[in-house]
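Both complexes below contain subunit A, partnered by subunit B and then by subunit C.
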Partner chain A sequence: KQYYHNRKMSILEYNGAAVIAMAGKDCVGIASDNRLGIQYQTVAMDFKKVFKMNDTLFVGLAGLATDVQTLDQLLRFRMNLYELREERTMTPQVFTNLLSNILYEKRFGPYFAEPVVAGLDEKGSPYLATMDLIGAIETTKDFVVSGTCDGNLYGMCETLYKPDLGKEELFETLAQALLASVDRDALSGWGGVVHIITKEGVMSRELKGRQD
Partner chain B sequence: GPNCDLVNFSEYISKNLALYELSNDGMKLSTHAQANFCRGELAKALRKGPFQVNVILGGYDENVPNGGSLYIMDYLGSCHKVNYGAQGYASNFTLSIMDRDWEEGMNEEQAVKIVEHCIRELNMRFLLNQSNFIIKVVDKDGVRTVKADSDPSDN
Partner chain C sequence: MARRYDSSTTTFSPEGRLHQVEYAIEAINNAGTSVGILAKDGVVMASEKKVTSGLLAPARTSEKTYKLCPHATCTVAGLTADANILIDQARLRAGRYAYQYQEPIPIENLVEHVCNYKQAYTQYGGLRPFGVAFLFAGYDIHHGFQLYQSDPSGNYSGWKATVIGANNQAGKSLLKTEYGSSSSSGDEMKTDEDPAKEEIEMPTTAEALRLAVKVLNKTMDGAAASPEKLELFAMTLDEDGNCVHKILNAKEVEAVIAEVESETATAGDT
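Our next item is the complex of A and B:
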């Protein structure tokens, strides 16, 4: 089945993904592309990789689609359990640690997914975190990226990012950074989706990009 | 996939789904639930002893808009709801046909025509000579075979 292959494709590149999150002024934005592929063949153009955990917390998962879906289900399960037992909503910091723990548990047979966490903490200030497939956490104040075109995404963010953007400007910045990056990556694209999270609520918009 | 896994997995799933109905007072699982169960089993088996089965699961539910829903799964356990799908070498030929021909709100006759279009294309362009296809339809009355060419081994 791999007759058009020249180089070995890593498991993290099997399905293709692009996920990006940025902090603005009292808001965070998170975005992903829409492609689901099996190596070079595109199977679906509406497979989103960002999942809402609650009104102020989103997680983006880039990597092997089966593990992305398993993790989404596991995270919702663990989060619901927490909220039933503790009778309070889970903060982004706790969520990040939970996710890191879930990943490290499988240290010698990991989930092939590299997540990005975006949310607002209890005071309403932006929270961003990323980790590798075995749960090494890194929190930042500007932007986090993940996916098959993470190099492209880093470049676009470094160029376009400014601190304290309003929600409309943040949307525009996220959209441009994502679309320009996926256009140079065969494995991600087919449009995208952006969610801007503020105290007032979540604004979600579909992106129309190159459909190839 | 290989016939052993094909038979083993599909029987395992269908019998477990039947068991659910028996154990839970006749409650029927929706297509979405059945697809997720199937996906879960594939994902669980992946790191133990994977089933090399790529699945297309289709079902009819009364409370779903348009009634029918189709789910496509690969052997790793990724699952996605689609309007049309194909697995195996067939996908290289037929996905483009369905990209073009499929429309929202088609009836059964139009859908079967598209499937026949795909089969014709495979007969023309695919390097293996397999003219023997079975077409099945799932609707509110259940599963029925619409077209089954004669088995060449009968000749």
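Our next item is the complex of A and C:
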């Protein structure tokens, strides 16, 4: 039973999510909120939507929670198989194409998830991509967003983003963009997590935000 | 007499044998040797790389040792083309199990799956069996480090040490005497102790590697051992409890060969 409202809630909004990724100087950052809800009821405050695929590749998945989890598991499976057969690590571009392929396979009964890919390619340059729930890819140089407050996220990124940020500045920018966006969205928030990926490693930090 | 019953896999001979399966095993006895040894802290597998022609391009990947999943690796003796099919089957099985249960596949489970796949070719379809034998090395939390051997019949068994491929009988007899004896004092005289009373002490990974090279020295008929001819593999756990699959590089192989040579030299003096 849900509260009265006049707009029909789409399946992509059932659980709530906010995912954001940005490119910096020789680094990328990716962040998500922590909320898991069932429509307006909050059920968990530690449900992260960013998943590490390897030391230089992360994927963020916003949408229906079951599909978020399933896609994470599927991607891990497919990536492992690739690395066993090819005896090399998967590049972010190949990963993005694989994910797009997996989504399009379900063209007429899709996974309700809209992913964001963030990584460093073989040369160490930042790689960002996003796609819709049926696998239409868009690669960008600056930022990608996804989730129930994607409009807010776009606005914050457009305002706060600057190219070639260092990892500390990138962290700040991501954190501010995420927190301000989720605060105006009932379905996402309850803090967040940010990962900054460089050639040297991954720096992960929890974000303290409004717990509502 | 056997001729009438050996063209079909799916027919028993009057003596109760499946000749096609036995002929498949014969094919493996012509292939490069592979020895596997279970250690206290890991599993080692050493294989003979049979170089058929100097004109062959140097292999970028192994023709003997294959990783199946994060916690299992196998070596092959027999028809490489047949092996590739089964290895892919094993990889798919391990991946699908992990996907379904979100847990690593128990090693025996993986081995049994590959073997069941092989068995089907001895009972259905009129297709020939796979001409491959495997040594599987793996780790799981249920049974720790394990070593399994499988053959074209689809039969498998767990071993502390075993050999497949050319001259495997010679290798096995060497392992029988040398495995588990206090290997640190390699030049100790063998006493007539009751085998049942003798405690088998598992070797360390380092000792197992040396023993494996010793076995290959024997099965390779005294041909000089070198990194080009040998492939040494060791599986251990790192500090976080994750499996480490290591194929030794040329320098490390040289070091093990040298250690074995000095060991046998001093043993010969006693």
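Following the convention adopted for this analysis, the second predicted complex is superposed on the first by the 210 of 212 C-alpha atoms of A that agree within 3 Å, B and C clash if a C-alpha of one lies under 4 Å from a C-alpha of the other, contacts with A are read in each partner's own complex, and residues count from 1 in each chain.
Just so it is clear, a contact is a pair of C-beta atoms (placed from the backbone, for glycine too) under 8 Å apart; a residue touches a chain by one contact, two chains touch by 3 or more.
Since the structure is predicted, the reported quantities are computational estimates derived from the model, not experimental observations.
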Clash or fit, subunit B versus subunit C on superposed subunit A: fit
Partner chain(s) touched by A:80 [first = subunit B, second = subunit C, both, neither]: second
A:136 touches, of subunit B and subunit C: first, second, both or neither? neither
Of subunit C and subunit B, partner touching more subunit A residues: B
Least Cα gap, in Å, left between subunit B and subunit C after the two complexes are fitted on chain A: 5
Footprint overlap on subunit A, where subunit B in one structure and subunit C in the other make contact: none
List of subunit A residues in touch with subunit C within their complex: 73-74, 76-77, 80-81, 84-85, 87
In the complex, subunit B residues that touch subunit A: 39, 42-43, 46-47, 72, 74, 76-80, 82, 85, 89, 91-92, 95
For the subunit A and subunit B complex, residues of the former touching the latter: 1, 14-15, 36, 38, 41, 43-44, 47, 64-66, 68-70, 109
List of subunit C residues in touch with subunit A within their complex: 61, 67-70, 88, 91-92, 95-96, 98-99, 102
